[in-house]
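Dumping the structure here so I can ask a few things about it.
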C-alpha cells in the first residue's frame, strides 16, 4: 500500500517538475561556431569548452531573467564552406538570437555576409583585423587585434633599442595576418625588417629559415604562429646557437608552449593577454577577478589550463549574457546593447565598444611576458610594461 | 650571397628530414611491391609511433627504450590488423578502390587517436640531451645523430633482410612473380601481411626518432606521409637505396629551397620536383628498365 | 537515348519543385552547396568513372575558378560573368597543357602527380597574399547579376546553381551516350582494345581532363559569387578527397550516382552532428565499409542489396549472379 | 602415387578440361603430349592447385588434394616447373635455388642438408655454379630452364611436374635438359609428369604417355607404342591429312 | 600488301624473333603457325604496333609503319583481335561495335556534349552501320545484351564484328579458335571466309591445325624465332622440317 502511494507521489512530482519546465519561458538560443576539429582545433576546442562552461554556469544560476540559455555549437572544421552552412543553419533553422565565434579569421570573413544580411549579431573569436576594420553593423570581436600585439612588440623593442628584426611567420591565417601587421606597422615604429620568412603549419624543421635569418643583420627574431611550430622554432634557435632575442606572438601564450619547447623556451618574450600571468597581477588590477575565476573554473572542469583562446569565448559569451541581462531579447536589441558595452573587464582586456569600434580593446590588452624557470613571468618594464599597469 | 656555412647547415638539416622521408618512403615501397597498393595510411604509422611512445612514457611510465619498443610493437599490430580487416578481404579490387580504402583507414586511425589522446601536441624528450654539436660551421643536435644512426641501421637491417634471409628473399620473389612464388610454396598472403607489419614498424620508428625534434600530435602523419611518398616515387618505388636517395633529395632540396629561394614555397618546390621527375622519368630516378607494374 | 532524356527531364522537374517543399531556411542553403558539389562530382566522374583516370587534385581547378572569379571581381571590379568565363578559359588552357604530360602517367604515378598539382596550387593560394589575400581569404566578391536582378538569396542561388548543375548533368549524359563517351568507357574497360580500334587514347584523356577542369572551374566561380568569400581551406587536399568519395559512394560512371554522392556527403556532416567529435571516425569507417561492401556505389549497391535480400527471403539464400 | 579422377576445369567460360583422368606410379616418367592449346598446362595447374578443378578429384599418395592452396601442395612433395620457367629474374641464381627450398627453411630441417642439396644441383648443372651470383634475368633460355628445374628440385619433391621444358630451346640444349630428367629418375627415383609438345623427345624417355586433344584424353599407351601411333600425329597437325604421314 | 623485312626482337638476353621476313598477299588468308615459344605472338604484336621491333621494318602497302601506335594503324585500315578476347564487358553488344566506328566518325567533345545536329546525324549513321555489321556476323539478335554476359564463343564473334566495323583493309586474328568448341569453330571458319570474300586481307595465328589447314591459303611456320617454312597448307604438311619442329627430332 505504502509502496503505491510512494509511486504515485513520485510520478506526481515528476509531472510537476516537467510542468514547471514547460511553464518556464523558452530558452534563449545562442549559436556558436568553432573549429573544434581540423587544423584550427587548437582554437576551437578551448573555445567550445569555455563557452559550454559559461553557459552551464549561467543556467545553474537560474538563467537570465528566468530564461535558460541554450547554446548550439557547430563545428566548422576550419573550412569556410562548412562555416557558411553552419551559420545559415543557426540563423534559419535554430533561430538563434546571437552567434559567438567562429574561431578563425577565414571562417569569420566567410560568415560575415550572412549575418550582415540576416541581421544577427555575431561576436567573432578570431583575431584578424579585417573583421572589424571597417566596422560592420552586426559583427563584433573579442580576440585582440593582431596590430595591438604588434604595437606592443615594437614598443618593447624600442625600449631595448632594437631596430632590425627578422620575421618568421606561419603560413596560415593567423601567421599571415600577423605578418601583414608586422610589415605594415614597422615603418611607423622605425623598425627595419631584415628578413621575412615563413613556414608551413605542419613543418617539422625550420633550421633553413633560421640559418638564413642568422646570416641577415637582424637583431631580434619575431616568430608568429601557434603550437607546435614556434616550439620547433625555439628548439631550432637553440640548436643553431642563435643568441638574438626571440619574440613570439600571443598565439603561444599557454603552458603548453613551455612544455613543448622545453629548455629552449627560456628567455622567450611574448605579448600576451593577462590570463597566463593572472596570479602575478597586482590585486588592484580590474581584470584580475575575472581572470582568476576563469582559470580556476576551467582547471576544475577540464583538468587543463584555461588559455588565452578559451578566453575569447568567455568574453564573447559574457558580452552576450550582459546584453541579455540589460533586457535585450531580439537580435537587433542585443546588437544595440553590445555596442553600448563599456568597461567590461574581460579575459582579453577591458572592452569598450562603440559604433565605430567593434573590437573594443587597446594595446593595454597585452602585457609583455617572458619565460623563466619554466613559467610565464610578467616583464615589469619601467617604460613599456609599466605604462600598462599605471594607466588602468 | 649565402655563405658556405649556411649551405652546410641547409644540407645537414635537409639530410636529417630527408632520412625520415626515406624511412617512410621505404615503407610505402615495401607494401607497394608486395601488393601493388599505395598505402595512404602509411603516414599514420609514423604518427602512431610518436604518439604511442608519448603514451607509454607518460601514462604507462615506462623507461624510454621500453616505451619505444612497445610503441613499435603496437604500431606493427595496428598495421597487421589493418591488413587483415581492410585489405585482405578485398580480392581483385581496382587500384582506385584500394586507394580509397587506405585513405579511409588513414582517416579512421587519425580519428581514433584524436579521440583517445586528444588534439594536443606532445613533446618527446631527446634520447640524449639537447646540447648542439658543431659540424664545421653548422650545428646539429644529438637527436640528429640518433636519426642518422637509426636510419642507417634500419636500412642496413632492411638490406640484410631482403637480400640475406630466406623470408626476405621470398618477399622479393612474391613482388616479382606471385604465381611462381606459390609454386615454390610461399604463402603469398602471409607475405602481404609481413609487408604491412614491416612498413608499419619502419614508419613508427621514423615517427619515434623524429618526435623529439618536431613534437607529435594526431595529425602529423599527413604531410610526412606525402613527402615519404614523394621519396618513394623519385626512388622508383624501390625498397632500397633508390628511395633513400629519393628521401634525401627531397629533404635537401626542400631545405635549400627554403633557405635560398623562398620558405613559403618550400613544399611547392618539393612537389614541383616530383612532377618534373614524373614527367621526365616516370619510372623514378633510380630504376632502369620498363618493369612498371600496372 | 529516349530513356536518358526522360530520366533527365524527370530529374529536372524534381529539382525545380524541391524549393516548394523546403520551407526556405537552412536546408535550401545546403541544397545550394549540393548543386555546386554535384557539378564537381560530375566533372570528376567524367574523368574517373568513364575514362578511368584518377585525380587527387580536383580541388585545384575548383579553387582556380573561384580565385579567378574572386580576384577579378573583388580586386579589379570586373563583371562576374566575364570573370567566370575567363576563369573557365584559363583553367581549360591549364588543364589542356598539363594534361599531356600528366595523363601519360598511370595508376599511382597519376594519383601522385595530380595530388602534387593540387598541393602546389593550394600553396600558391596561400602564399600570393597580395593577390589572393592569402590564408585569411578574400572577401568582397559580388553576387552574380542579370540586369538589375541580383542572385542574393538562397532561393535565387538555388535556381542559378542548379541551372548550371543540370546543364552539366545534361552535357555529361549527352557525352556519355556519344562516340566520345563510348570511347571513354572503352578506354576504361580495355585500353589496348580501344587503341586497336583507333581511339586516340591519350588525346581523349587530355580532352576529358580539360572538360573536367573547366566544369570544376565554373563550379568554383559559382561558389565564389554565392558565398562572396573564399579562402584556401575550401580548396585543399581534403576537398579533393571528399570529391573522390562522392564519386565512389555514388557509383563510378553513374552521373546520377554522383548527384547522390554529392548530396550525401554534403548532408553527411549534418547527419553526423549527433556523433560530434566522433564524426571523423564515422566518416573513415563509412569510407572503408562503403568501398568494401558496395564497390559499385549506392546507385548499384542498393539495388544489388535489395535483390540479394529478396533472393534470401524468397529462396533462402539463393545465389545472386552479379 | 598420383591419381587424377574425372576433373573438369574452367577458365572463365571456357571449358578447358573435360573429364580428364590419369595416374602415375612411383618412379615413372609419364609424358602428357598434345598440340598447343589442348589443355596440357591446365592439367598441371589443376594438380598444383593454381587453378583448382571445378569437379573431380586429385589424389596424391591416396590423399585428396582438395581445395588446399598451392603452397600446401608443395609441402606434400609436388613441385612444378612452370611453362616459360617463371624464375625470379631480379634475384640471383643462388637466391632462386634457395627459394626452391623455402618450405624446408621454414621447417625444422638443418641448413646443412639444404646446402648439400644446393651443391647437388650445381653438380647436376655446372653452368649454374659458374653463374651463381649472377642476376637470373640475364641467363640464356637454356640456363633459365635449368634454374627452374633446379629450383623445383630444391624442394626435394617426390613428384615433379615439368611443363614444356624444351620450349623455345635449341635442339642441343633440349637434349641436355632431357638427359638431366632421365638422370633424376635414375639417381633419385623422382616421379615425373612431363608435359611436352616435343612429343618425340618426351616419349623417348617416358614409360607411358597420354595424348590430350581439346581438353580430353584421347589415348593412353606405352611410350614406345605412342611413338609410332598415327593418332599422335593427327592430334598435332589436323585430322583430314593423316594419310600424309603414312610413309 | 603487308611486308616485314628482317624483323628481330630481343627481350633481355633472349631473342624472341630472329631476322624474320614475310609478305602477306592482298585479299588472302594467311596463317602463322609454330610450336609454343616460336615467336608468333611477338611477331603479331610488332606488326600491330604493340611492341617496336629491335631491328627490321614493317610496310603496309609500301608505307613504312614500323613502330606506329595501334591507333594510327587503325586509321590506316589495320585492326586486330586478341587471344584472350578484349571486349568492353560493361557495354552492350551494339555499343561494342559502335566503338569500332570510332575512326569512321568525327564529332568532337563539344559537338557531342551539346548534341549539335551534325552529331545527331552521325550517331544515327554509326548505329545503323554497327547494326549491319552485327547482322553480318550473325549477332543481330544480341544487340542489347551486355557484352560481358555473352558466352565465350559469341564474344569471339563480337570481337571480330567490332573489328569489321572499322572497315579495315587487313585484319589480324590472334588465335580466333582458342577456347571454341567444334561447332563454334566451324561457324568461325564460315565467318572468316565471308570476310575474305569482302576483299579484306586476313592474317591469323592459330593452334587449331584443322582450321588453319582448312581456311588458309598461305601458311608461315615459325620456330625458335625464325621463319621455318612458307607455303600452301599441303606444302606445309609435307615439309619434313615442320614435322620435326612439331613432333621433335626422330
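All chains are identified by letter, namely A, B, C, D and E, in their written order; residue positions are counted from 1 within each chain.
Quick note on the criterion: a residue touches a chain if its C-beta (ideal position, glycine included) is under 8 Å from a C-beta of that chain, and two chains touch if they have at least 3 such contacts.
In this text, all values refer to a predicted model and were calculated from it rather than measured experimentally.
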Practice item. Hop across touching chains from chain A and tell me the fewest hops that reach chain C. Key: 1
Practice item. If every step must land on a chain the current one touches, say how few steps get you from chain D to chain E. Key: 1
Exercise for review: Quick one: point me to the chain whose Cα centre is farthest from that of chain D.
Suggested key: A
Review point. Taking each chain's centre as the mean of its CA atoms, which one is farthest from the centre of chain E?
Key: A
**Study point:** Whole-Å gap between the CA centroids of chain B and chain C
**Key:** 32
Check your understanding: Using the average of all C-alpha atoms in each chain as its centre, how far is it in Å between chain B and chain D?
Key -> 43
Study note, to complete from the structure: So, in whole Å, the Cα centroid of chain A is separated from that of chain D by 77
Revision key, fill the gap. dist(centroid_CA(chain C), centroid_CA(chain D)) in Å evaluates to 54
**Study point:** Contacts with two or more other chains, residues of chain B listed in rising order
**Key:** 114, 222, 264, 267
Practice item. Among the residues of chain D, pick out those that touch two or more other chains and give their numbers. Key: 89
**Study point:** In chain A, residues with contacts to at least two other chains
**Key:** 37, 39, 171, 198
Revision key, fill the gap. Chain pairs that touch, by label, are A-B, A-C, B-C, B-D, C-E, D-E
Exercise for review: Could you please specify the touching residues of chain A with respect to chain B in the complex?
Suggested key: 37, 39, 41-42, 45, 171, 197-200, 202-205, 207-209, 211-212, 214-215, 227-228, 231-232, 235, 238-241, 256, 259-264
Check your understanding: Which of the residues in chain D come into contact with chain B in the complex?
Key -> 48, 50, 69-71, 74-75, 79-80, 82, 86-91, 95, 98-100, 102-103, 105-106, 151-152, 155
Exercise for review: Over in the complex, which chain E residues touch chain D? Could you list them?
Suggested key: 12-14, 35-38, 151-152, 155, 175, 178-179, 181-182, 207-210, 212-213, 224-225, 237-238, 243, 246-250
Study note, to complete from the structure: Listed in rising order, chain C residues that touch chain B in their complex are 48, 54, 101-102, 104-109, 111-113, 115-117, 119-120, 123-124, 126-127, 237, 241, 244-245, 248, 252, 277-278, 280-281, 283-288, 291-292, 295
Check your understanding: In the complex formed with chain A, which residues of chain B make contact?
Key -> 2-3, 6, 9-10, 13-14, 16-17, 20, 114, 119-123, 125, 130, 132, 139-141, 210, 213-215, 217, 219-220, 222-224, 254-256, 258-260, 263-264, 266-267
